[in-house]
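Read through the structures below before going on.
In the two assemblies presented below, subunit A is common to both, partnered first by subunit B and then by subunit C.
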Partner chain A sequence: MQYFMQLLISGLAIGAIYGLIAMGFAVIYKSTGLVNFAQGEMTMITAYIAWTISTTVSGNVFVVALGAIVAAVVLGLVIERVVMRPMLGEPVFATVMVTIGLAVILRSSINFIWDAYPHGLDVGFGRTIVRIGSIGVRTGQIAVIATLLLLLAAIWAFFRYSKIGVAMRAVAADDRTALLMGISATRVHALAWAASSVIAGIGGVFFALSYDLSPAMFQLGLKAFPATILGGLDAVLGSGLGGLLIGITENLAGGYLGSGMKEVAGFAMIIVVLMVRPFGIFGERDIERV
Partner chain B sequence: MIKYLATASLLLAGVSLSIGAALAADPGITDTEIVIGDVEPLTGPPALLGVAASIGHKIAIAEANAAGGINGRKIKYVLEDDGYVTARTIQGVKKVTDVDKAFALLGISGSGQSIAVMPLLEKSGIPTVIDVAPVKFLWEPPRKNVFVVGQSYEEGIIHLVNYLAEKNPGKKWGLITQDDDYGITVRDGFDTVVKARKLNVVYSGNYKKGQQDFSSDMLQLKDSGAEVFLAGGIIGENIAMMKELEKLNIKPVVGIFWPGRVEPVLKLMGPAGDGIYAVDYVEPFAGAAGKAFLEKAKGLLPEAEMKGINRYSMTGYAAAKVLISAIDRCGKQPTWACTIAELEKTKNVETGIMAPISFGPGVRFSNQKLQIMQSEFSTLSFKPVN
Partner chain C sequence: MRTGDFKQTYDELVTLVDSPPVWLWSALLVAGLVVTPFVLNSYALSFLMIILITVVGALGLNILTGYTGLISLGHVGFLVTGAYAYAILVSKYHMHPLLGFLGAGVVPALASLIVGAPSLRLKGLYLAITTLAFSFIINTVILEARWLTNGARGISVQRPEIFGLSFDSDAAFTYLCLGFAILTLFATLNIRRSRVGRAFVAIRDNDTAARVMGINLHAYKLFAFVTSAFITGLSGALYGIYLSFVSVEGFPFLLSIEALAILIVGGLGSALGAVLGTILIVLLPEATRFAFSLFSAQMDAMFTTGAQELKSMLYGLVIILFLRFQPRGLVGAWHDIRRMWVNWPLRY
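And now, the complex of A and B:
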């Protein structure tokens, strides 16, 4: 039982990180109809900025958190304004290709701006090991699970009750009609990119706290994307839960079926789920595939 | 008689012309300059080794240039980034040979990339010294113009596992490797010793390249009761494994391989990284030879490049020293043929950071002597052990 519990907790912790990044994918898709293939790279850039703040400005957890959020907002807004807005109205395929190009540029920038060495994000929090019986868990892992759950609740409330949230849903449903209703689609898009960057960036910072920073971190995006597909590409909350499911499945498969199955299990589950529900567990039926 | 003399004269003239043409055909050399080319991963995660190796080359080249160059010719270093993508390695080698007209090559990128460019190197005949990723295919069979400085991955692992087996008789073993050519080589070396010594292997894992979370793998290791563990990751993977072991509250005897033996790793592992065994053929930076190397680099490198130094800078430096020394021995008019001949004559060349380097007729691999080291968290360094 302890073996199972240890696998479950570790799976929830890594799954929460996948979930946060997956939510980033879904926020952009829901608002713009676009799959952002640079999501993992944006996550990585935010984490590197957090590390830079911690080593040059202050190692205080609040300063680092605030700095990282501001940096993520700026990153999302700049990408939307400079790279994505000129692509408005262009074919989806071309826009998706732009995000792939952006991913390559952001990935390479790590070596130009920082370096290829792994770095640890030390903010005096997250690395302490808490033991419950023989089960060990780091405080950062507990925090990322709690953060995901809080964000899920906050985002549900945001889309359900706030004016901006409703506007975002309106643009996602039909941007022309939304425009006729006085909603600025470009403003909604900018907000979506900023929000997506922040949510995924939080996942990246937690990953850096629990593991480390390295130029390979962008691969988190590749793990989180299946979580989005599983939860539903247009379902922000579903994507978060999809991340948890992928994390748990991976860990249980790795623990019971062997190391080699760990990376395969999540994708195997997606194939099965998509055969039954092609739009994901929580997704809506009329998703445009790209 | 006159007819014979005329024919002989014509033949002599022809031979002279063909020799002249051959001399002129060797590119990358002018009255003032010799071009040395290199292709390395300078972006992406493997930049950790590519950047460091290129820094090692730069140190040796700067040292030679500061001493007047090679027989009066300054060395120009042309470096291409392949991003650890084999297709780009091939493009890069073509670029430095065809466009930049390199006289000789150093490097070249990872093991898979070196293997992929081998036909190109053989066909062109350019003198090449490989130093980043020594694998048997690069010297077996020996290629006329390709020399390899280092030690084979397989031998390295055999040396490490033999050492750990001698120090930990009768213990249970665990192993995890990456699912690529690197992992296969590590596993082959491990299996060789397992068979020879009949080691009791209770855990054998295989992870996918790029995996970052090792919680289930290390839990399996713990559950198996392994007491000696060979962590077959490279950099980030080994860090993640050590942190998981710390979280699971177990501390087996751990061995890692030289690609992961870079000092910053110890800081990231924290106390969990204390006492880890490693194998290598270059000197640790904590020793006198390592300190002297860093001192030398300080005088020859810009400040910004100093932080990129690691063990691969040492292997790069040694390879470049051997190549420069061979070209130098060819005198005022070095050619590819002479450089290759002189590389073959390389005998006990001292670099100060590894055992003396030698090649020989039909021997294209320097077969460096190995040593075991142990990490010390308090000083964030590796130190040789007996």
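And now, the complex of A and C:
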């Protein structure tokens, strides 16, 4: 039982990170209709920038957090403006391939800008172990779960009540009508890229806090795919919850069935989910006009 | 003056080659390729081999992504299955190499049925993600099935000997690859101009309309998957023989990206494009390296240390630049040049 609880808690913690990145996917899909295959790489770069700030400027938690958020916003905006906006109006296949191209470029840029060795992100927080009953939990793990829940609530309120959130939903639902209503689609897209970069970046920084930074971190993006598929590509909240589910499944499969299963549990799960509900658990069924 | 390229019968429309000089040039090209192994040094010859092997794989992916419009990010999965099927049949069970090649086609084809079946309900991006998942699952399966695949240790493969002909030397192996490349090229060109190929393209252009026309979407999508996996598997077997060692590490995920880059650079949905794209993508890292080495020795050193990273960066850049500035690929550029040649000095 204790083994099970241990797996469950660490599954929730890693699942929260997947959830954050999956929310990043969903925010972009919801407002621009494409899957950003470079999400994992953007996450990784934000985490590396946070590490650079912590080693060169100051190791203070707040400085690092603020720096990482600003860096993520800039990264998202630059990518949107330089790479994605010229592709506006091109077929989905072309735009998605552009994000794949972007992904491999960002991935290999790590080795040139930083290096190929693993680093620990130390901000004097996150690695101490707290005991809940008989189970040891790192403070970083508790923090990431709390952050995910907070962000879920915040994003729900944002899309439900704020004017910009409603505008984003409008662009997602029907961009032409939204344009006629005076909403600037390009501005909404830019905002979506920035927001997605920040949400995923937070996940990346938390990953670096609890584990280590390494050039293989982009694989977090691949792990978050199952989460967003499970929740539904257009469901931001569903993606967050999907992340938790995938994290738990992965950890339980790894704990009871062997480490090989841990790697593929999420992928096996999406194949099953897609066979039953091709639009995800919380996603909207796509109705096609012929 | 020639005013256009007019077709009057359906036979003319679907002929393999519509002008005799093309046959002549193609024959000359093949003759040239037959002579090259005797002329080139072994370093240049290895590039020719890689190009020929990659052409087979690119043509395989072209059937699925180019003709049928189904995006696959997991083609490296079929590549590695084909390589393992060949290695297991020939190196482990000492079967005839031809049987090995057959297995290298059939096993990925069967695997593609497993991926293809759930994919029938999926479209576009969801399909891309499922195929991506497949390529990771297949790697784990190979690593776990140690009794069959030796797990992470891999299997070493000898160059084959078929009916007394030894393909041990580089030149002979190049001929084997050339044979496979030409056969695949003819196979895909013929698929494209047959009923099946037209059905594929109809599905790509508009699947609802294709369905209304009486095309069985499920059957044709599965058929596209199976043919594509069969051809890709053959390419994987050849690549395994070329590496002389089959392991999961020999088939990194980057190969999937490379294959898509080839199709985009060449021009999606064109066999000629797949060939041109392969040549460009395979030679690109080497050409860039050469260009940089002219500037300074330091740049050259960077290429040797970070070869893999620079290679993937180049692929990424090429994908983005082509999609942005030449979405129809090299084939599109070639068509433009040809039209300009015919119509000059007029634009149309």
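Going forward, the second predicted complex is superposed on the first by the 284 of 290 C-alpha atoms of A that agree within 3 Å, B and C clash if a C-alpha of one lies under 4 Å from a C-alpha of the other, contacts with A are read in each partner's own complex, and residues count from 1 in each chain.
The criterion applied here is as follows: a residue touches a chain if its C-beta (ideal position, glycine included) is under 8 Å from a C-beta of that chain, and two chains touch if they have at least 3 such contacts.
On a predicted model such as this, the values are computed, not experimentally measured, just so you know.
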- Message: Looking at A:108, would you say it contacts subunit B, subunit C, both, or neither? Reply first, second, both or neither.
- Response: both
- Query: Looking at the overlay, does A:81 come into contact with subunit B only (first), subunit C only (second), both, or neither?
  - Reply: neither
- Is A:211 in contact with subunit B, with subunit C, with both, or with neither (first, second, both, neither)? first
- Task: Classify the contacts of A:34 with the two partner chains as first (subunit B alone), second (subunit C alone), both, or neither.
- Result: second
- Give one of first, second, both or neither to describe whether A:169 is in contact with subunit B, with subunit C, with both, or with none. neither
- Once the structures are superposed on A, label A:260 by its partner contacts, choosing first (subunit B), second (subunit C), both or neither. both
- Query: Which holds for A:275: it touches subunit B only (first), subunit C only (second), both, or neither?
  - Reply: second
- Taking the superposition as given, does A:90 touch the first partner, subunit B, the second, subunit C, both, or neither? second
- Interface residues of subunit A shared between complexes with subunit B and subunit C: 107-108, 111-112, 222, 258, 260, 263
- Message: Please output the residues of subunit B touching subunit A within their complex, sorted ascending.
- Response: 42-48, 51, 83, 176, 179, 205-208, 210-213, 215-217, 219-220, 223, 235-236, 239-240, 243, 246-249, 262, 264-265, 267-268, 270, 307-308
- Note on the structure: In the complex, the residues of subunit A that touch subunit B are 3, 6-7, 10-11, 13-14, 107-108, 111-112, 115-120, 127, 129, 131, 134, 136-138, 207, 211-212, 214-217, 219-220, 222, 250-255, 258-260, 262-263
- Item | Residues of subunit A touching subunit C in the complex | 34-35, 83, 86-87, 90, 92-94, 96-98, 100-105, 107-109, 111-112, 222, 225-226, 229, 233, 258, 260-261, 263-264, 267-268, 270-271, 274-275, 278, 288, 290
- Query: Which subunit C residues qualify as touching subunit A in the complex?
  - Reply: 69, 71, 73, 118, 121-122, 124-126, 128-130, 132-134, 136-137, 140, 143-144, 208, 254, 257, 260-261, 264, 306, 308-310, 312-313, 315-320, 323-324, 327
